[in-house]
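Here subunit A shows up in two complexes: once beside subunit B, once beside subunit C.
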Partner chain A sequence: MPPSVTHQFTWPRRTANRVRGLSRLSPTAAAGVVIIVCFGVLALFSEWFMTHDPVSSYPNRILQGPSFEHWFGTDGNGMDIFSRVIYGAKFGFGIAIPAVIIAVLIGIPVGLIAGYRGGALDEILMRIFDGLRVFPSIILALAVVAATGQSLLNVVLVLGFLDSPVFARLVRAEVLALRSSNFVESAIAAGNPTWRILFFHLLPNTIQGAMAQTAVRAAWAVRISATLAFLGIGIQAPTPEWGAMIRQGAEFMVTGQWWVAIFPGIALIFLVFGLNLLGDGIQDILDPRRRASK
Partner chain B sequence: MVLPLLIGVVFVTFMLVRVGGLDPVGLLAGPTATAEEFTMIRKDLGLDQPLWKQFLIYGGQVIQGDLGESWLSNRPVLEDITTRSFISLELLFWGIGLGAAIGIPVGLRAAFKPNRRFDQVTRIISLLGFSIPTYWLGLVMLFVFFYLLGWAPPGMGRISLMVSPPEFVTGSYLIDGLIEANWEAAHSALTHLILPVLCLAIVSAAPIIKQTRAIALEVIASDTVRYARACGLKIKTLRAIVFRNSATPIITFVGTEITGLVGTMSLIEYVFAWGGLGQYGLNAIVRGDFTAVQGYVLTLALFSVLIFLIVDIVVAIIEPRSQLN
Partner chain C sequence: MNLLKITDLQTHFVFHDIDNYRREARALNKVNLNLNRGEILGIVGETGAGKSLTAQSICGLLRPPAKVVGGSVLFLGKELLSLAEEDLNDIRGAEIGMVVQNPKSSLDPLTRIGDQLVRIHQTHTASAVSVARSKAIAMMHAVGIPDPEKRFSAWPHELSGGMAQRVLIAMALMNEPKLLIADEPTTGLDVTVQAQILELLKDLVRRFEMGTIIITHDLGIVAHYCDKVAVMFAGEIVEYGTVTDIFRRPGHPYTKQLLASTPEKLKLNEAGSLGGQPPDLFNLPEGCLSQDRCSLASDQCRTPPPVITLETGQTVRCHFALQ
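For the complex of A and B:
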């Protein structure tokens, strides 16, 4: 297959470009990476950092303020908030990473096929995606999770599924632009089967924009999953998930026990902020339009 | 275009609430109900019919403007939704208004001097705005301004319980109070509005800043502006040209932003016990009130369609050439 061979030569160069691109990350994006790595360490090795068991309660220490014994205080069940916040990082990553992977695994093939095939299939898919955009994502996620079951696994599946149109759209637009280009036509002429054209010829040339979105979409998944837990859907207290912890602390905010809700909220902001900083930096490097504007 | 969308929305929400794991019968009957009571409630709600029949009945009712009764409150869903829509619209109006009033000028200024200190600072602030959970911000505001400082009223409703609300004119207690010259009511409504509106404005300003900057940068790089600059026009005139040319995409963006903000607003309503449509919808979803969820989702879809229509009209007015297609 001569055409595909000539095309394969571009692979290493693109990879090299990408690596060089990552070293060009702006200082703000680098700060984002540092934040994400810190939380990643906390999530992987939370046992090393926790001072107490995150779900064992001390009945005689209910709602105590921050102290040397309990750094972030204790909540309404007498559980140590510091340890719970640390443990919560597991949920942040444990939901966001699989959700984004699912979204990519659904969205990219759908975008490839819709863009390449076109016709009625493409039309119907785009209509459905347009229809989904009518609703705010949190309402959609809430309704689907509430209706289909409230397990942790289901939250991950629903978030991944609802997020897949983002990737499908981006890939589809790229495929549409490349569909009738020379390298695709020559690949067809050389007798490549459709799946090979899609995944070996079009995929490497079209996923860049979608990949640039992954960090931002991970931020979205962390935010939405915490929001669901805050509303009491999906993960329930006393599970040490940040959104569920904020829910527990909500009633104490107007009576002065601020530490119950404030600390998990700060952790949540930091992780989402880190992901957004990184995502913004990646978009700057990969999006030619934004690069031109700099 | 709109009609198939609405039919699709009705169908999908109908299937979703029924095929899903929610069981309103169990919720309504309570833990001590007998098997006969279960079948009775099931029959009462029409749930003993086959699904396609249920859907036809529901679809027929919707066409006639009947959204059914809420299974929890036993009140017509349509009535609930209309009264609460005004309550939510007030919050949404001030919130997005303030957000746009902050976001558009800031975004334009950042674009006029890209990569200078102002641009970099606003960029980080707007990314932070993307990252703050709305409900947490609301809780922190309640803690600071109600508990610590005592400046704001507690986050319970739209007007103090001690003040009698004004007559219904626009649905906004603030405006109705002013019309009626009921200063006490207007003042109370205003103090209750400030925190939720501030919350919504902060959250909505972030994407508006980011998008306005991107749009304006693109306009600045366009031939029109380059030509104007080459002609030696004053910087003030140039900025006016940039503003005029970015107006259409900015308005379109703010329009799409409003639909997304409905979700954010629901959370704010939830925290401040605002009693509007957003809170109603959240409660209906969490409690499995099928008819209310269906009505709520349909209302959201209609609202989005309406917003897109308004955006199209506004764009057609300020940019007549867009009418060509």
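For the complex of A and C:
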């Protein structure tokens, strides 16, 4: 009699479902997930990966090219670029995530109320938000950060506020479609006050599109904050922020020290690229029509 | 005291058109209705006659451009039309239960049905979740949902139309209302389910002694399940009385036409149809609103018809009611 298999290893159900879920993603979305996870690990555990202190300078090793000691070379202050690029991931996420959270917290309630109430309130709120969208965002961010004082907190607040119209518009459009639907009418007939209808019924039913946008808007925030730092607004060198590092490296490009600007530039491109791919992936998952066509 | 007393209710659609002209569609024209506890009133009429609008006006569910412009709705002596939104919210869902049209789309798609029932109970009472939960399961049982404990955590999209309708009725009844308004409770359901739902409603009305308004365009439903009937045409109640009286001896020409157009006992070919269109609500005719579609219409009909009470007690809005 053959020995019966008494215990066969099976993945726990939820883990198995998750793995299968990831493999169902399109290759581009999966690449996005992988890139973001890598950067996330770098940002959270940068101490494990850095070979040097990102802000201590080695005065006798200024502007050295890539070597075994300094993998990405050293910058004009003699700081290790490899460690600085890794540490910079903290700033990428540290600005993008709170900025998107602020944008969501402002934009979604405004979109809900404007869409549901309609009329004059809708007009006023939407025109204010249109006003924000009219200015090129970099110029507006530049002006506001320069006026309110140059700190990391101000950059985050300004980016969050400037980005809130995106979420307000998305949610408002969904609310407009749903506010005269039967289940909302039935909720009113059940004696629900307006705030309950907005947050218990309309919010869960309208939030999908906005959630799909979060990754794309995070990419935007990373890009704009790096641009601000590049222009010398907000975060200043020697802080290991990619935009500020590129700014510092730009002047060495002409004299041949390419590594100072190139490496933070590549990191920036990958993070923005990964966030955009992830955004596309989320949209694919949420949109049943796009999912069905696969 | 009447449970519900509607006097001269007028609801208009008021808006400005593209050339900024003020346009006014007179959708409800002086509707009068009375309802007592334990009574089932059927409101019948063709599409656009103002049946649903009457229900929405009672519950304050109108959205601009629709607006109540006159009249009064007394519910247990309280004037609903002048009530503040918060006070109205205390009544809606608690003392007035409403079953809106289209059961499948009237449930929040992202909330389990049990939670929707629990929520409506907790909106109006301070009861604990466990109490609300057992009440919800009892109510699901009462409306004939099989296996309520299991269905408690079902999603709306998992329900059939009949089940969704039962859930909606259960929601309307959760707080044991004194008045139930069911707007086309069986439209879109097949006939056997229709009969089950209406039997159930009738049974529940008797049990809870609710006043009930059923809005429908099915005369068969009215004949079988209602005590009283109001026939609406172009935003007016043209005839109102008990079901037996009106079906035995309709007083208004429109009611007669309506009854004659019912296919009966395989004599489908003999069913008459009503010619013509309902009048343009933007431009109502002088006098009787049904004059264009009435075979009895004469010059007299250019003056507003009186409301005549026949010896049976039914009221008829017609010059020729006594003939």
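We take it that the second predicted complex is superposed on the first by the 260 of 294 C-alpha atoms of A that agree within 3 Å, B and C clash if a C-alpha of one lies under 4 Å from a C-alpha of the other, contacts with A are read in each partner's own complex, and residues count from 1 in each chain.
Keep in mind that, in the parts below, a residue touches a chain if its C-beta (ideal position, glycine included) is under 8 Å from a C-beta of that chain, and two chains touch if they have at least 3 such contacts.
Treat the numbers as computed from the prediction; the structure is a model and nothing was measured.
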Legend entry - Three-chain arrangement built on subunit A, subunit B and subunit C clash or fit: fit
Inset, instruction - Scan A:S186 for contacts with subunit B and subunit C and give back first, second, both or neither. - result: second
Inset, instruction - Using the superposition described at the top, determine whether subunit B or subunit C touches more residues of subunit A. - result: B
Inset, instruction - Scan A:G256 for contacts with subunit B and subunit C and give back first, second, both or neither. - result: first
Inset, instruction - State whether A:P136 touches subunit B only (first), subunit C only (second), both chains, or neither. - result: first
Inset, instruction - For A:F230, decide between first (touching subunit B), second (touching subunit C), both and neither. - result: first
Inset, instruction - Quote the smallest CA-to-CA distance from subunit B to subunit C in the superposed model, rounded to whole Å. - result: 11
Legend entry - Set of subunit A residues, in rising order, touched by both subunit B and subunit C: none
Legend entry - subunit A contact footprint on subunit B (complex, rising order): 4-5, 8-9, 13, 16-17, 19-22, 114-115, 120, 123-124, 127-128, 130-133, 135-136, 139-140, 142-143, 146-147, 154-155, 214, 217-218, 221, 256, 259-264, 266-267, 270-271, 281-282, 285-286, 288, 293, 297, 300-301, 304-305
Legend entry - Footprint of subunit B on subunit A - complex, ascending: 28, 127-128, 130-131, 133-139, 142-144, 146-150, 219, 223, 226-227, 230-233, 243, 246, 249-250, 253-256, 258, 261-262, 265, 268-269, 272-273, 276-277, 280, 289-290, 292-294
Legend entry - Complex contact set, residues of subunit C against subunit A: 59, 61, 63-64, 85-86, 88-94, 98, 100-102, 105-111, 119-120, 123-124, 168, 171
Inset, instruction - Spell out the part of subunit A that touches subunit C in their complex, as residue ranges. - result: 118-119, 180-183, 185-194, 196, 200-201, 204-205
